[in-house]
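Next, two complexes with chain A in common: one pairs it with chain B, the other with chain C.
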Partner chain A sequence: MCEITKQPEIKVATGDRAILPEGAKTIPIFVMGKKYDVPETLTIMKAMEFAGFKFLRGAGCRGGICGACPTVFRMAGDYKLHFGLACQTVVEANMYLAQIPFFPANRASYNIEEMSAAADAIHALYPEIFRCVACNLCTKACPMEVKVMDYIAALKQGQIDKAARISFDCIQCGLCASRCMGEIPQYHVAQLARRIFGKFIQPRFEHLVSRVKEIESGKYDQMLDELTKMDHETLKKKYVEREREPDLSSLGAWKPKETQYL
Partner chain B sequence: MKISYYPGCTLKLKAKNLELAALASLQALGIDVEEMDRWNCCGAVYSLTDDDLIHHIGPVRNLVRAKERGADKLVTLCSMCYNTLARANQLMKTDTVKRDTINRFMDDEIDYFGEVEVIHYLTLLEEQVGWDKIKEKVTAPLTDLKVAPYYGCTLQRPQDVGIEPMGSFRLMTGLLEAIGATVVPFNSADKCCGSYQVINAPAGDNDAAANVINAAASAGIEALATSCPLCEYNLGKQQDQFMAKGKITANVPTFYFTQLLAMALGVNPEVCHFELNDMKAVQLLEAKKFQVAA
Partner chain C sequence: MAYTPELRELIKKVEATRPARLERARRGENYPALTMDEREEVLSKFHPDYQKDAKRIVRVGPNKGDSLQDQVVGLLESKSIIRPDKVNLNTINHETDVLVIGGGGAGTSAALMAEAAGCKVIIANKLRHGDSNTIMAEGGIQGATQEGDSPYYHYLDTIGGGHFTNQPDLVAALAKDAPLSIAWLESLGMMFLKQDDGRAVTRHFGGSSRKRMHSAGDMTGAEIMRVVRDEVRNRGNNITVLEFSPAVELLLDEDGKCAGAILFNMETREYSIVKAKAVVISTGGFGRLHIKGFATTNHYGATMDGVVMAYRAGVANKLLASTQYHPTGVAYPEQNVGLLITEKVRGLGAHVLNIKGEQFCFPLEPRDVESAELIQEAMAKGLGIITPTGRVGLWLDSPMIEELHGPGSVRKELPAKFIQFERHGIDISKDPMLVYPTLHYQNGGICVNGNSETILPGLYAAGEAIGGVHGENRLMGNSLQDIITFGRRAGKNAAAYIKGGVELKKLTLDHVVKFEKELAEAGIENPQIAPILLPDYSTDEVAANRWPEAVTEKV
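Then we have the complex of A and B:
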C-alpha cells in the first residue's frame, strides 16, 4: 500500500506582478532559445517578467480575452507544437517558447453599410479562403478551441450564420493565420462574418426598440431623478433591501412585490 | 443502413436548384438521408501528382466525418464532389502506404481505411427506389420533352470509380424514361464541357461547350440533363455569347436532372429554383405547358 504524504501547499502567484511564493521551486524554461530559471506556478507572462522581460506591447487584459499574448511552445524532446495565451498558460519545465504578439495577416477594408447578407462580398474581399485544403492546423493552433477550419468551410458554403456562431469565441490572436498554408487570415474573415451576421442576418430585437422609445419618451426620468437626489445612506439602504429574483427561479415565474415601475 | 448526405459548397450557393430539387424528390419518394453536420470542401479536383498527399486531406476528412457518424454510405449529387470523394476513398482502400501517411498527418481524427461507400444520387435512386416505383409516383410526366443525359467527364472516369461503364448512360436514361421524358441519345454525352477553361477564356470562346450544344441540337434534343454545376454553367449559361459569336445556331437549355425529377413528382416548382437556370430553360418549360411557378 502506498502511503499518502501531505502535499506542500502550492501558493499561486496572483496580481499583475510575479510574486514568488515562499519556498517555490524554480524550473528551467527557454525563451527564444535562452534558458531562464523561473518559479513554477507562474504563467508564461509572469515568468517572462520574472526573468526580466518587459511587455510594452503583446500584453493586454491579462485575463485571457484580449488576444494580445499568443504564445507558441514545444516541450523538450517532443516535435509537437502547442499554443496558448501567455497570460493563461502556466510554465512547465523545459518549455521552449516564443511570443507571436502580432501576425501580418491580410485585412481587407470595406464599408459595412454597403455589404449585404450574401456571401459573395466576403468571397470577393477574401478570395484566399478558397485556398483551404482542410489540413486543420488552424483549429489545432486556436487557444480558444474554436473550430477554425469549420467556419472557413461554412463561409465557402455561404453559411454566414454558421460561421458567426462557430467563431463566436475568437479573440483575434492570429495564431490560426500563422499556421495556414493557404495564407488565409481566418480571424479577420470571421470578424467580417460576425459583423454581417449582426447587421443583416440576426433578427432585430423589437422589445429593445420599444424600450428605447419608452426611455426617450421620458417614462423613467422621474425615477432616475429621485435616485440621483437621494442621499448616500438612503441609496445604500435601498440597494441592500432591493428585491431580487432568486438565482434559480424558472423563466417568468418571479414577480416583484413592488410593481409601480413595471 | 445509414446514408449520410454530402452536399458540396456550390450546392449551397450557385447550384441550390440542384440540391433543393434533389432533397424534395427524396422526400417525395420516402427516402431518408441525413446531411452531415460537419463537412468541408471535397477538394474539387482530385490531385494526380503522385506525392501530393495534402490535397487528399480535404476529401478524406469528409469520409472520416461520415465514418464517425456511423454512415455505411455517403451520397453526393455534384459530379465533381462524387469524383473527388470516390477517388480519395479508393486511395484510402488500396494504397496502404499513402493511407498510413494521411492517417498519421490527421492525428486529430480517427483512422480511416475506406470503410464508407461513396455513391452518387443516381445510384441511390436505382438501389433504394428503382425506376418502376419512381414511375408509379410520377404525377406530372414530362411527356413530349426530348431530353438527353449529359454525363460530362467526372461521372464515369476513371473506370474504377465511375457510376457506370464508359459509353453507358443507363442510370440517367432509366430515370428520365421513368419520369415520362423522351430520351434521345447523342454522341457527346461524355464529351468535356470545357471545364475550368472558362476561367481564363473570354466569354463565349469555349468551343468544347459549343460543340456539345451543336451535337445535341442536330440530334433534335430540346434539353440536356446534368448533375454537374460546372457543366451546367458552361453549357447552359454561355449560349447567348455562343450565339453572338456564331458558334451555335440553336439553343439547347440545360437542367439538373433533379429539377426534372422533382417536376415530374409534382413537387412545388418553387423548390426547383428555375430562376437560377438560364431564361431559355424556363421558356422551354412554359412552351411545353409544364408548371414552373406555384
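Then we have the complex of A and C:
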C-alpha cells in the first residue's frame, strides 16, 4: 500500500508479497530439511513464498479458517513435535518443518434425512470411535484448540449436542486423524454430529416456517415487483424514511409503525 | 507480535476516552451518521474506486469502452492458455449434464439443486472443494425471517446501500429467496445461532433497518461451506468432484450454446475436455489481483477466472469498476495483515477511533462510506496510527464489547478472531485492534438475469462472479445470501433447461479464435495469458535468480 504510507523512505509490503524491511533480521528455517534464510516475524506461508516456493497444495484462505496448510515442525535439538497452520504460525530460528496438506481419512456416506437425535447411527457409521485410547494426541495436534478427544468421548456416550458444540471451530485440516492411534477420522465424525445437532436437536426456527409459507404463497411478489419498477426518487424517499429497529429491542418483539409491507 | 511499547502508550489514549464513550453507548447515543450528501462527498474524495489514475479503457469485447481498473483490463484483454486450432475436440474425457466451475458456496449449492432435479453433475475446483471466499465469510447471512421485517425492507436496505445502482430483478430475487435459503441450510443441519426457543438470533449491520443478520459464531461462511460440501459427499453417485482441475476455457457448440469447458490438472499438467449440457460459472472474485496494491481478505485462488472465460465467449460484465474495500482489515500484526475483522465487531458496539482515541464516524455506515471515512481520517487528517512495519491503521475498540455485553462476550461472539489475535499475543477482549480498509469483494461481474442465466444459452453464473446484485456497494451478509440464492437458482434453472431437451452439436473454440483476432486488430501486443489461476508472490530477488533471460527453456 505504497500510496498510504507516511514514510516513503520505508519499503512497504504491497498486497501479500513479503519483503525484507530495512534493518530486519533473517533467520534460518529448514523446509523439509533444506535451509532457507527468511525474515523473522513472517508466517511460515509468507516465509516460504519469500524463499521462492509457489504453493499449489498447502495454501487456501491464508486466513486460518480453511484447513489447507496444516504443518508439523520441530525445533533443532528438541524432541517435541509441534503443529500449526502455515498461514498462522510465525517462523522461528532453526525450525524444521513439513506441510501435511492432505491426510487420508475414512468418511462414511449417509442420508441426513434418515438420521435422528439418537447416537446409534453415528456409532454404526463410525464404530472406530470406540477404538479411542484417550491418548489425547488429537487435541494436542489441533491448530484450532478444539478439544478433539473430549468430543469423541462425548459421542461415545451419545452426547451429540456436547460434541457439536465442542467441535464447532473445526476446520477439517486432518491433523487429528494423522495422529490417531485408534485410526479415527475425527473431523468427519464431528461433521456428522454437528449436522445431526443442527437438524434434529437444536429447536427449529418457528418464525421461519410461516415466512416460508408466505413467500411460497406469493405474498411478497407484487410488493417486490412494484419496488423493481419504482422511480428513483420515490425509492430513495422510501429508503431514507424507513424505520430503524431499535438496537436494544428484543428479538421478534418490535413492531414497526408501517405494517402494510410485513 | 504483541503490541510494542510505543503502541501500548497510544492504547492508553483509547482507554482514557472509553468510559465516556461507553456511557453514551448505554444511553443509545451514537456518533451521528452522514447525510446522503455528505456520503457522496467523502466517497468522491477518498474511495479508491473514484480515483481515476488507476483505471484505463477496455479496447475489446463486450465491455469495450468501459473504464476499469488496470489489472482487470489486463485480464479482459488477455489471450487464452489454449491454442484453439491445435485442440482435438473429438476426444471427450468427461460427459455430464451440468458442469459447475468453482466449488465454493454458490457452485456447491448449484450442484446440490441440479442433482436434486435429477442431473449428473461435475464440480471442477481450482484448489480443494470448498476453497473459496465463502469459507472466509465470518459475520453472517441476511434474510428477513423475523416478524417485524420482510423481503420488502431487505430490498430497500440492499438497493439503498448500493446507491440505487443495483439490478432490480436481482435484488428482488435475493430478498425473496433469502428466508428460503436459510430454511434450506437449516434443513441440511447448519448450526445457526438460536435462542432456546428456536428463534433466530439476528443483528443489525451497516446499512440495516432491521436486525436481519443470522450467524453461526463468527464463522458463518465456514459453517455453510462445511455443511453443503458434506452433503455433496453424500451424493457422490451423481456429483463428481474434481480438485486442482480448474477450467481454463469454455466450449461452445456450433449453434452457439455453452457446451462444456477445458480443464487443466494443475498437478499433472494434463488438459481434458468436459462436454456438458449446461455450465455454471461460480468462480468467485478478484481480490488476489491486489487492485491498487491493497492487501486483501480473499482466498488464494480469487483471480477472476470465470469473468475472463465468459468474456471471451461474449458475455459482458456490469459494475466491474466497483470494488469493495472492507473498512476493517487487520493492519497489525503483520502476520494477519489484510484479514477481515467482521462488521459484527462494530455491530456489537465497538467504536472506530483515531490516534487520539476519539470517534470520527458512525461505526455502521455502508461499507464504502465507512472505508472512505477511515482513509480520510488516516491520510487527509493524518490521525492514523503508524505500525512498526510502516502500515497505517485506526483503532477498533473491541474491549467495549465486554463492557456492553458482559465479561466473556468477545470470546463467545468472536471465537475465531479471538484465537487469531491470541496467537500473536494480543487479547482483543482487553486491547483494541488496529484496522485499515482492505480489498474485500468484487461488486461487479458477469451479467445475469434473476434466473442466473447469462445471454449465452446453457451458461449460468452465480455468486461473487456476477454483477448487479449489490450495485456499487454490498451490505454485510448479502454475499453469503447471494451465493445461496443465485447458486440454488443457477442449479435449478440449469436442470430445467436440460429437462427441456438440449442437443449438443459439434464442440468449438471459434469464440476464442474470434476474440484473439479482435485483440490483434485492436493492436494489443503481448497480451497477458489468462486465467492466471494463482497469484505470484515471488520477490524481485527470487524472480531475478530464475534467470528469465538466460535460460533456454522452462526446465
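To be clear about the criterion, the second predicted complex is superposed on the first by the 191 of 262 C-alpha atoms of A that agree within 3 Å, B and C clash if a C-alpha of one lies under 4 Å from a C-alpha of the other, contacts with A are read in each partner's own complex, and residues count from 1 in each chain.
Basically, a residue touches a chain if its C-beta (ideal position, glycine included) is under 8 Å from a C-beta of that chain, and two chains touch if they have at least 3 such contacts.
Note that the structure is predicted; figures quoted are calculated from it, not measured.
Contacts of A:Ala134 after superposition: chain B is touched, whereas chain C is not reached.
Shared-chain residue A:Ala153: touches chain B; no touch with chain C.
Using the contact criterion defined above for the overlaid structures, shared-chain residue A:Ala119 touches chain B, although it does not reach chain C. Set against each other, chain B and chain C differ in how many residues of chain A they touch, and the higher count belongs to C. Residue contacts after overlaying the shared chain place A:Asp247 against chain C, while chain B stays out of touching range. Contact with neither chain B nor chain C is seen for A:Lys34 once the two complexes are overlaid on the shared chain.
The contact surfaces that chain B and chain C form on chain A in the two complexes do not overlap at any residue. Residues 119, 130, 132-136, 139-140, 147, 149-150, 153, 156-159, 181 of chain A touch chain B in their complex.
The touching residues of chain A, when paired with chain C in their complex, are 1-7, 10-19, 21, 41-43, 46, 49-52, 54-57, 59-66, 68, 88-90, 107, 109-112, 144-145, 164, 168-169, 171-172, 191-192, 194-200, 202-209, 211-212, 215-216, 220-221, 223-225, 227-229, 232, 235-236, 238-240, 242-249, 251-252, 254-256, 261-262.
Residue ranges on chain B touching chain A, taken from their complex, read 7, 9, 12-13, 38-41, 43, 54-55, 57-58, 61, 105-106, 108. Residues of chain C that touch chain A in their complex: 1, 28, 36, 127-128, 130-131, 135-136, 144-153, 155-157, 159-160, 164, 168-169, 171-172, 175-176, 179-180, 182-183, 186-192, 194-202, 204, 208-211, 217, 219, 222-223, 226-227, 230-231, 233-234, 236, 244, 266-267, 288, 290, 292-297, 299-300, 333-335, 337-340, 375, 378-379, 382, 384, 386, 389-392, 415-416, 419-420, 423-424, 436, 534-539, 542, 545.
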